Amino acid sequence: MKAKYSNLEMMVTAASRLLQDDQKVLVGTGIPLVAGTLAKKTHAKKMKMLMEAVAYDCDPVSLPFCVADPRAVYKTKWLPTPVEVMGQFLQSGAIDVGFLGGAQVDKFGNLNSTCIGSYKKPVKRFEGSGGASDIALMAKSTIIIMSHQKRRFVDSVDFITSPGWYCRQMDGKSQAMRSDMGLKGGPYAVVSTMGVMKFDDTSKLMYVDTYYKELGVDLETIQEETGFDIDISQAKPIFPPTPKELEILRTKVDPEGIYIK
Amino acid sequence: MKAKYSNLEMMVTAASRLLQDDQKVLVGTGIPLVAGTLAKKTHAKKMKMLMEAVAYDCDPVSLPFCVADPRAVYKTKWLPTPVEVMGQFLQSGAIDVGFLGGAQVDKFGNLNSTCIGSYKKPVKRFEGSGGASDIALMAKSTIIIMSHQKRRFVDSVDFITSPGWYCRQMDGKSQAMRSDMGLKGGPYAVVSTMGVMKFDDTSKLMYVDTYYKELGVDLETIQEETGFDIDISQAKPIFPPTPKELEILRTKVDPEGIYIK
Amino acid sequence: MGEENIIELGQIKDFIHPGDRVWVGGWTLVRKPMAMLYELIKARLTNLHVVNQPGGPDTDLLIGAGCVSKSEANYIGHEVFGHPYNFRRQFEDNGGSSDFLHDDWTVGTGTMRILAGALDIPFIPTKFLRGSDLMNPDNDGFKDIRTTDPKVPKKKFVTMRDPFWEGEECILVPALRPDVCLLHVQEAFEDGTCRISGGVFLDYYAAMASKTVIISTEKIVKGEQPKKAYDENVIPGEIVDYIVEVPFGGHPTAVHACYDNDPLWFQEYIEASKGNESMDRWLEEWVFAHDSFTNYLERVGSQQLDRLVADPAYGYSPNILRRLDKIKEVV
Amino acid sequence: MGEENIIELGQIKDFIHPGDRVWVGGWTLVRKPMAMLYELIKARLTNLHVVNQPGGPDTDLLIGAGCVSKSEANYIGHEVFGHPYNFRRQFEDNGGSSDFLHDDWTVGTGTMRILAGALDIPFIPTKFLRGSDLMNPDNDGFKDIRTTDPKVPKKKFVTMRDPFWEGEECILVPALRPDVCLLHVQEAFEDGTCRISGGVFLDYYAAMASKTVIISTEKIVKGEQPKKAYDENVIPGEIVDYIVEVPFGGHPTAVHACYDNDPLWFQEYIEASKGNESMDRWLEEWVFAHDSFTNYLERVGSQQLDRLVADPAYGYSPNILRRLDKIKEVV
C-alpha cells in the first residue's frame, strides 16, 4: 500500500526528531526552519530557536521567508542583532545545534553552498555561505538537511563552505581531521529525502542509520544516489511520521505549503 | 569694590565660554558638567553634551551626581552604552571637546588623576583615570578645569594619567611631543580659579591668556601659585561674568549649590 | 544633522560616486532601501564596490544594472524566492573576469568586520573562517588588487597566536570601512534620529562605520516626542548626513509593521533576471520608465500595495499568498 | 534559566568562591547590586578578584570588608560624594604590598576588554592607552603574577603594526573574563529575561562574558507580557543563571525610575571609611548586625526611603537634599 505522506514530510519529521528541549538551535531558512518549528510544536516546546539576523527564541505562527522576516520576531522576547547572535552566542560556543542545508555534502559531512566546478570559473555559482560556514564551525553539533541525489552526495565537495569532519587547515590548502585541528562540534546527522545518515565515531565517515522503507526507498537506491561507497550495514527502517506529527506539520507549521508542497 | 561673584563662578563661566554650538562635548562629572550645562543654557544651545556611561545630548534640569545618573538621561533621545560613547564616538575621533578635571597638571598639560608620589608607594592615591585618559587622547581638543594651587600646577606630573602635549612613548618609558607620536588632539586651555591658561603653538608650553583681575587676582600671585615658570607676558584681564550668565548659573544650572557652593 | 539635510530622492545620486564602497542596509529580503537604489540605477552609476553583508534583491539588481564592479559579501540571493541570476552570470559567463571581482565571506566574519569599522579599529580577531576553503589564498577574490587598491585591505586575513591566554591560533580580519551607507527605516526625526522596529540587523554599526549616511524613511516624525518614544530610537541624528521621506521606499522587501514582501515582484524580477536581454527589458519597464517613485508604485498597483500592508497585530501581512507556483491562480 | 533558579538572597554566597573574578554591574553610584554584596561580606568571602569597570561604593566596601585581594579597574570612588578611603589605604599604608594587587585601566580600555569577553575573542585592538603612564611596564600592577596566575592575562597589552590598512601601530588588550557577574535590574521575568531602564551601561556585555550570572531585581514580573513590553528587554534569560527579588536592593545607589542615591548613607559611610576601626564599627552596625535585608532597610528608615523614591516624571527624586554640608541642617 502507498504511504499517506511524502518523502519531504518524512525528511522534515525525521529532522525535527533530532532536536530536543533545552537546546539552543540556530536554524537557516527553508527546510531547517520547517523542521525546527515542527519540533517546537511537538516534542521540544522549550527548545530555543534562533535565526542569525535577529530572531531569538522564535516560534512563528507563519513561516518566515528569511531569517530577518517580521514573522520570525513575532512575539519574541528579545531582538538582538547579528553581533549578539553570531558574534556572541555562536562565536562563544553557546549554540547547541546548527541546522543547515546546502548544494553538496561529502562523505565527511563537508558542505558546499558556494559553487560547482572551480571557484574562479564555476559551472554553477550559488548564493554563498551566509552564516552556514560559521554555524558548521562553532555550533556544538550540526544537522544537515538535503535532497538525496548522486550529484549532491559526493566523495569530496568542490568547495568547503562549511567544515565537516575533514577540514581545510590554517594554510588554506592541506586538509586534516577536525579534532586534530582543535575544532569542536561537527556534523551529527544528514537527513535526506531517503534516510538519515550519521558519522562513524572513529573514521568520521558517513553511514546510513535509518531509511524511509515505508516510502519504497531501498538501500540499493540510496547507494546508487550516493556518490561514494556508503556503509549500509547498520541501516534500519525509520519509524514513520505519527498522525499527530503529520497533522501539526500540515495544519500548524506549513499550512500554506510554502516549503512542503 | 568687591566683585559680586566668586572665583568658582568666574571659572565655570570662563570654561563655558570656550564651548560652541555644533560641538560634541564629552564631559566628566563635577565642574566640567556645570560649565557644559551653563554653555547649553546660554550661548551654545545646540551643543551636544555626552557622558561616558550613557548620556547622549543631555541637557539636565538637575545636575547629575555622576555620568550615569538618572538626571543625565532625562529626556535624552538615545541611550547608548559606553561601547557606543567611548568605543565608537570617542575612539573614532568624533568628539570635538573633552572636558576634564584632575589632581595635577603640568606645563605641557599632562593630567594626573592617579597618584602623588611613586605609583607603587604613593603619598596619595586617587580614584584613577576613569575615562579621562581616553578623552585626553582621542578628543579633537581638551579643556582642563582645576583649582589654581602650586601643588596642582607642577613642572612635571607624578603620573601621566591623561596625555597632554609631551606624552609617554609606546615603550612606556621615554617621552616625546604629542605630534611626533602621531597623536591628534591635545589640551586647548586650562581654566583655573585665577585665570585661563593656553599653550604656545610651537613650544606647547602653558602661558597665561586671561586672569581674573576684577577678583583681585594679579599675575604675581598666579606665578607664585604655579610650580613652574609661566609666561605672563600675554595675559589680559578676563571679561567678568555677565548678569545673565550669573543668573542662569545660580538659578538654572546649580540652584542647589552642589558644585558652586 | 539639521533640517537642511532633509532631501529629495532625486538628490541622493549627488552623494555617491564611482569607486565608493557602499553598504546597503537591511537583510536579504527585509528593509532594503530599494527606492534609493532605483535612483542610483537611473543615474547610471558605475564601478560601485558593494560591501553590505548579506545582499538580497538590492545587490543582484545593482549588479544586473551594471552598477557594480566589486562586491564583498557572505551571501547574495533572494532566499526562498529563487536564485540571484544576475550575480551568477558574472561567474558562469565571464568566469570572474576582472570587470567584476567578488570576495566571499561569512555572516559571522561580515558582522565582526563591520563591528570593527564602527569601533574604528583596523582589524578584529575572530574564531570564524577556520576549516573552510574561504581561507585558501587562491580563493581570495581581491588577491590581485590588494596591494594597489587603497579601498581594499592589503590582506584578506592574518593569523596570529593569542599572546594573552591559552595561546590559541587566531584569525584577524580587517574592518569594513564603507564610504556610503544607505538605509531604509520606519521613522526618522527631523534631526536625523532614526527609529527601527522588527530588528536593527547591522544598520546601526554600518551607519557608525560609514563616512556618509543617507537614510530613506517611511515617515519623517515632526515635533517634540514623548520620552517613551525616544527609548525606541536606535540611530542618533549626529551620525546621519541626509534623510529622505519615501513611503513604500523598501518595496519589494518587507518593512516590519509597515508592509510585507511582494511575491509578485520577485516572481517577475527573477524570471527576467535569467538573461541579459530580459533583464534590460525589466530595467526599462520598472526603473528607467518611471520619472518618479510614485510612477513606480502605480506600476506595482494600489490593489497589490493594499494587500502588502502589515497587520499591526503581527507586523506583517497575513493576506499575501506566498506560494509562487500558485500565485498565478489568484491574480 | 527556569523558575527553579529563582533564589533567596542568602543563597548567592554558594555560587561565589575565593579567587573568582567578579564583575559588579551598574556604574559608580548607579544600579549597584548592594544587597548581594552585603551578603558576600556577611559570608566573609575573601580573595575576590574584582574586574568591574568602573567601581563605586560597591568596590570600596568590598575592599574595606577584606573581601578583595585583586582589583583591575579604571576608577574606584564615590564621584561627588567623597573619596574611596578603603581603596586608598591599601596603597598609602601598606604601599601596595602583595596582599592587595591593583591594575589600573581606563573606561575606554575597560569597555573594549569586556566587549572582547562578550565576543569570546581573546583580545581586541584599541586606540586608547597611548601616551599615558599606564603603558609603563613598571606600572603593571599584576606584573608579578601574570605568568603564574591563570586568571590573569599573561601580558597587560601588546603592540603590533596594522597589517591591513595604513600600517599604524596598534595596541592589543586582553579580554575580560569574569567568573561571576552580579547585576541589579529594575525588572526580571521568571525565565531570567531582564529589563533595564535609564541606561544598560556594560551590564549586558558583562553578563554575556561571565561564566555565572546572578541578578537581583526590584521586581520579578510574572505571566505573559504584551509584545511592546518585550521590546524593552535587554538581557535574555538564557545567559542568566539565578535571579533574586530584592526591593531597594540597589540602596544606597540610584536605580532609575525606582529610587535615588542616598546622600545620608554616603555621608556616614565615607566618614567611617577613613579609618580601619571606624570602618569595622560601620560594618558591624550596617552589615553584620542585620540578619535580613529588611532589617537593613529598617536601619535606613522608612522616612528616608520614602524621600528617595523616584518621581515617575523624572526617573529620580527631586526631593532629596544633595549638599552633604547642608544635610545635617534638615535631618
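Labels A, B, C and D are assigned to the chains in the order they are written; within every chain, residues are numbered from 1.
Everything below uses one rule, namely that contacts are C-beta pairs under 8 Å (C-beta built on N, C-alpha and C of every residue); 3 or more make two chains touch, one makes a residue touch a chain.
Note that this is a predicted model, so its numbers are computed, not measured.
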Between B-D and B-C, the pair joined by more C-beta contacts: B-D
Cα-centroid distance, subunit A relative to subunit D, in whole angstrom: 42
Distance from subunit D to subunit B - Cα centre to Cα centre, in angstrom: 27
Distance between chain centroids, defined by C-alpha means - subunit A, subunit B (Å): 58
Shared interface positions of subunit A, touching two or more other chains: 79, 87, 91
Shared-contact residues (touching 2 or more other chains) in subunit C: 112, 119-121, 126-127, 168, 231
Category of the chain touch graph - line, ring, star, complete, other: other
Pairs of chains found to touch, sorted by chain label: A-C, A-D, B-C, B-D, C-D
Subunit A to subunit D touching residues, read off their complex: 24, 48, 56-57, 75-80, 84, 87-88, 91-94
Contact set on subunit D toward subunit C in their complex: 112, 119-127, 153-155, 158, 160, 162-166, 168, 170, 172, 174-175, 177, 197, 231-232
Complex contacts: residues of subunit B adjacent to subunit D: 29-30, 52-55, 61-62, 65-71, 73-74, 79, 81-83, 86-87, 90-91, 114-115, 119-134, 136-138, 159-163, 167-168, 170, 172-173, 178, 181-183, 256-259, 261
Partner subunit B, residues of subunit D touching it in the complex: 26-31, 54, 73-77, 79-81, 83-84, 87-88, 90-92, 95-96, 104-109, 111-112, 115, 126-139, 159, 168-169, 198-202, 204-205, 254, 256-257, 260-261, 310, 314-316, 318, 321-323, 325
Subunit C residues touching subunit B - in the complex, by the definition given at the top: 118-121, 189, 191, 193, 208, 227, 230-231, 233-234, 236-239
